[in-house]
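Multiple structures follow.
Okay, so subunit A shows up in both of these, paired with subunit B first and subunit C after.
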Partner chain A sequence: MVPRIRTIIIFGVALLSVTVHEAAAARIGEIVETNPWDQIRRFITFSDRGLRLSLIGAILFGAVCGLLGSFIVVRKMALFGDAISHAVLPGVALGFLWSMSKDPVAILIGATLAGLAGSLLVGAIRRTTRIKQDAALGIVLASFFAIGLCLIRIIQNNEGASKITGLKSYLFGDVAVLDRYDVIIMGVVTISTVILFGLLYRPFLAISFDRQFAVSIGYPVRILEALFQMFLAFAIVISLQAVGVVLVSAMLITPAATAYLLVDRMHRMVWIAMGIGIVSAIIGVFLSFLGSNLPTGPFMVLSASSIFTMAYLFSPKYGRFTKWLRYRNRAKKVREENSLKSIYHVLERRGMESSGNRVLITDLSSHRKMSVTKIFKEIKNMERSGLINLEGNSVSLTDDGFEKARSVVRNHRLWELYLTNEANYASDHVHDDAEKVEHFLSEEEVSELESYLDYPQKDPHGKPIPGRASA
Partner chain B sequence: MSLYQIFIEPWERHASAYWPILAMAFFVTAACGLVGNYLVLRRISLVGDAISHSVLPGIAIAFILTNSRSGPPMFIGALVAGVITTLIIEVLHSRTRIKQDAAIGITFSTMFAIGVILISLHGSHTDLDLDCVLFGKLDFLSSKEKIIMGLPGVALTMGMVALIVGCLIVLFYKELLVSSFDPNLAATIGISPRLVHYLLMCILSVVVVSAFTSVGAILVIAMLILPAATSYLLTDRLWVMMLFSLIHSFLSAIGGIHLAVAFKIPTAPATVVCGMIFFVAAWIFSPTHGLIRYWFRSRASVNGECIN
Partner chain C sequence: MSTEDIAVPALEIHDLTVSYQKRPVLYGVDVTVPAGSLVGVVGPNGAGKSTLIKSVMELVQFSDGWVKVFGEDLKNNISRVGYVPQRESVDWDFPVSVIDVVLMGCYGRLGLIRRPGKEEKEKAHAALKKVGLEAYAKRQIANLSGGQQQRVFLARALAQESDLYLMDEPFAGVDAATESAIVELLREIRDQGKTLIVVHHDLGSAREYFDMMLLLNMRVVAFGKTEEVFTGDLLQQTYGGRLTVLSEIAEKFAKEQS
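Presenting the complex of A and B:
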């Protein structure tokens, strides 16, 4: 963990020093022409300083959202994050009112205080009344948001609409209004969050997965949770200008949920969530850069959701499509092995089990209880994979196919024997179970079974258990 | 600004402008509040939040296609969007390892983002813009609507919705009551909890969609929960709770208008702020569940222990 943190700090400081040396940057919003190709060229060549600033901002808050979002998702606090992100709005307005300008420090302090007040209020309502968590979250979310809207309108009435433009970007996000100081604050918050969670990774892991355990080994759980909520408020606040109050919770939840679909280990999930957060923030900046005067937040959220959809479909372990493929392959394997086994059974009944001996397709179809046309289609497939030879209206096993058939029959009979001898099953109850298990026994399991059963010759029904090829 | 200007002038000089706003605000909060009682009791308050966010793309598409804020197309669009959202949440939650809260969060934020993009791509429009999504259009309803029976058309429609919701809830009172408190008992006496749930969801989406244009997408959640939560602190009986939530709706509608006049702010957020003030008051002073009572009781029990 420590060397990683070091590289991140170096990287972050390098980023910051680049931004600090930038001269007063032109803002994206000031660009007049919006020819998409021109814009794409500008984007790719980074010719625009304001754009560079927004991209650095996007990277910073994408990373911090992914980091905190991972903990939120595994702690099942997604809707808590949503409530807190709405609750910071009055703080933004008050911070604005205090300094009467878009002073990032005042807004940061105001919004953090409002976020913390919101989370304290949720806790207080839940503790002292019989109102449950969901309603408490709803009350805090909507009331704080309404107060914030009222304050914004009051500021607008007193100060005129021109002053409010900076404040408007807090609702739906506008990455173009980020200036150097905003980005420096984002950098400071991101780096301190990464350092904190790097140093206290284990305690945070413990309170996220097993709070009782964390208490029992003496972690200061209350303090850790307060710290977590404080940094959550920080993360929300620095993302506000880019994503907006309304959608910032999505940047917390969606990248982390995507990572949750991809991996099982928490530290990998955190890294992947940070990566996805960064990527979707950059794509969001790009898309809103194409048009003029489009809010940034919704585009970031949409790109995060698209990445989520991809993970939902194609995640190697949990994807719907990959699962379906796996299921199809397994079904094909089972069908194939059952057909091989049938051929073996037919041959065995005639006492001439070996490769090369022919079996009529009609015999096979009656043994397999399948129609001839269906069987024929399967035989075609199996011929292509080199398991059997098709000659006229009969088939024979190749050496490969014969070996496979023997091993399936061996698995089946060994398992039956194991169930009757060791698990005390009646011998007429073991067939169905063995019919399933035969396809999934591994090489090692089979040899273990053999040695455990002392290399048996006959199964419970008196049929011979075929030996291995080498034997 | 004098007290006269805040409290009396609206009714003395501009009554024709403020009556419809009051009526509309009351109808919206009342309809929402009635449904909200069951959301709070069933602990599914945030479903209201999710639905109100996710109908936005449906409303936006209907608006862009028909270019009017008329009822039926918007309603169909919202309904389709709502159904799609429910399906996606269900699929994500049951078919993957994503938990329900994250599934809700992902789905409604995506739908909302689509809606916001559609609205901002369509250009600024006076009838449906981002301000409408945030603040609601409660203040603008009297400008060009046709007046029927002293009320503008939208307010009348909302009143009908509130009335229908009220009738449905009275009609299915027993079913809702039993299935909210004890779904197992409901199933044994032949009320399908699932059916009641879907009925409730239908009513909820009707209410949310009709409230949408006047209070916006986000403040709806306050209209749903605040009256119910407030009355939940004041009584233990369901029908009293529903009555209290109606009173709460009425008081916060009036209070909201005066607050809006006093600070020159939109009426919808002002109504919510007012409702929140009532909630906090109930939280502190409720005779049965209030903070003061809670505090005295815990002190009394400590003293009692000391004496014993």
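Presenting the complex of A and C:
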């Protein structure tokens, strides 16, 4: 417990000191450079101080978005995050009006209040009418956003366009406008969020998984939820300038959803989401820097979406491509085992089942009811995996292949026997089922079947069940 | 368990009235559950069975009446009460493992900040063993059958080490073997002197499972020892349609009040 807090605090102080130091640097918006190679060199060597400021900002908000986003995704609150991110806009404008400058503290306070007002309003509409959460969110989201747009226009008309440059970035996102105070605020918010969720990880986990249970064990669920919403509003506000109101919810949702596809434990999901958030934000800054200040928000969101696409396809457990690959491997295994079994059957019929004895390919093709060309292709593959030897127009099983063939036949006959004896299947019904099951029985399941059936010698059709080499 | 606990009822519900969106669901419920009993709550759909235990846990607000747990307000004795929600009330795709869920049973004792230590982990594993799922500790909860999910919830409740358990439909969607294993477990908990109040939907098995029964249909039809309460007349009153006059007038009254 204590060392954990200390690490967090040391991490925070270090981050903050870097932040303050770098905050004195120039803005990247002031740099005009056209040679892309030169840009890449400067990006990689980290020599541009204005760029460093943007990068620190990107790392900070990428991390905080990933952290809070993970909870939003598992609680199915994605739409809620979107609504809050729109609802903060009038607060940004009011904060600006109050100080008549881009004072990050005033804007943070205004935006957070607006965000909380939005979420309270959604709750109130839901509680007092029969309108459900999604419609309530839609109403509040759009109205607050509209108010924000009006206020920004009013500021623009009264104060002139020069004052508004800072505000524009709130709409579309431009990491280049971050100045030292912005980055300091980002640092403070990120560090306090990390500390809060480090300390209260378990309560937030319990509330997210089973809210009723969390209430029942006496957690102050309402207070914790209010705290969550407050920090969500903070996170959105510090991300706004870099990503823009319209896209900020994507930075909350996409990295977290990506992590959700990759792992099955919440704490890992949080770390991975933070990592993906940071990487997406950095790529966004890089591309924007390369293109001489193209808007950063869209690039960040696009890189997050690209990472999501990769996870969608290649996630070890849930990826579409991975699943297809698994399916293909399984199909190959089944085909292979069926061929081995056929060779075994042909040998068995001649009473000479052992490795090394040869079987004509034409016999095999008639036994498997497959064309010779097809069989031949498969034989080639199996020869490469060292299961059989091909000699002229006949094949023989290697020791490996023979063992495999025996085990498939054993699985098949054991399963038939089990179904007949224990599940009361008619003996002429069991074959088709055993054809499927034979490929998927594990070592343990086979031993279990064997001992359950008391090490049988014959299957229901009177054929011998091959024993085990080791047994 | 001290002698004082035997004298003090595990749960006392007095004149409890609950309305959902101005529609009364429970009306003037009066129940005193003695400690150490295994109570089944039965009644037709919409009788307010789940609502009754949710209002004890203060998960729904009640408009009238009060609830005492071992003679005190719930907040003073919350650590002595374990609640098992309906299985369908959570998302089983949630990224946690079986043991993560069971460990949550210890969260109440730990408070907000303390992390589960060795002792808690041992308790969680012991609870998991009790429900026969020790081999599944590291599994993601989505890879469990309905009966196994229900047993995970029970293991979490065991890890809570409460004196009073409120369980919402622990037999729903559970195969016959699991059902009898759960009944065994409930009896074992009862034999330790603990009190269980179990919402149950199947009248047939209720008679055999529970010592005491609460027949509920918006109001308490009967509460007492199973053999005394399980009579054709009382069951007819519980299941034979609502008391239309009561529900209509109560509804009208509630609308006037709001």
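Throughout what follows, the second predicted complex is superposed on the first by the 455 of 471 C-alpha atoms of A that agree within 3 Å, B and C clash if a C-alpha of one lies under 4 Å from a C-alpha of the other, contacts with A are read in each partner's own complex, and residues count from 1 in each chain.
Rule of thumb we're sticking to: a residue touches a chain if its C-beta (ideal position, glycine included) is under 8 Å from a C-beta of that chain, and two chains touch if they have at least 3 such contacts.
Small disclaimer: the values here were computed from a predicted structure and weren't measured.
**Student:** Given the touch rule stated above, what does A:F440 touch, subunit B (first), subunit C (second), both, or neither?
**Tutor:** neither
**Student:** I'd like to know which partner A:Y455 touches here: subunit B for first, subunit C for second, both or neither.
**Tutor:** neither
**Student:** Looking at the overlay, does A:F321 come into contact with subunit B only (first), subunit C only (second), both, or neither?
**Tutor:** So A:F321 meets neither subunit B nor subunit C here.
**Student:** Now for A:R265: first (subunit B), second (subunit C), both, or neither, which partner does it touch?
**Tutor:** In the superposition, A:R265 touches subunit C alone.
**Student:** For A:K76, select first, second, both or neither according to whether it touches subunit B, subunit C, the two together, or no partner.
**Tutor:** Both: A:K76 reaches subunit B and subunit C.
**Student:** Can A:F299 be said to touch subunit B (first), subunit C (second), both, or neither?
**Tutor:** first
**Student:** Scan A:Y219 for contacts with subunit B and subunit C and give back first, second, both or neither.
**Tutor:** second
**Student:** On subunit A, which partner touches more residues: subunit B or subunit C?
**Tutor:** Partner with more touched residues of subunit A: B.
**Student:** Which residues form the common part of the subunit A surface touched by subunit B and by subunit C?
**Tutor:** Comparing the two interfaces on subunit A, one with subunit B and one with subunit C, the shared residues are 76, 260.
**Student:** In the complex, go through subunit A and note every residue touching subunit C.
**Tutor:** For this pair, the touching residues of subunit A are 1, 74, 76, 199-200, 202-203, 205-206, 208-210, 212-213, 215-220, 260, 263-266, 268-269.
**Student:** Using the touch definition from the top, list the residues of subunit C that touch subunit A in their complex.
**Tutor:** 54, 57-59, 75, 78-79, 81-83, 85, 89-91, 94-97, 100-101, 104, 107-108, 110, 112-116, 140, 156, 160
**Student:** State the interface residues of subunit B toward subunit A in the complex, per the touch definition above.
**Tutor:** Those residues of subunit B that touch subunit A are 39-40, 43-46, 48-49, 92, 95-99, 101-102, 104-106, 109-110, 112-114, 116-117, 120-121, 130, 134-135, 218-219, 221-222, 224-226, 228-229, 232-233, 259, 263-266, 268-270, 272-273, 275-276, 279, 283, 289, 291, 294.
**Student:** Quick one: in the complex, what on subunit A touches subunit B?
**Tutor:** Listed in rising order, the residues are 73, 76-79, 81-82, 86, 125, 128-135, 137-139, 141-143, 145-147, 149-150, 153-154, 157, 171-172, 246-247, 249-250, 253-254, 256-257, 260-261, 291, 293-295, 297-299, 301-302, 305, 308, 312, 318, 320.
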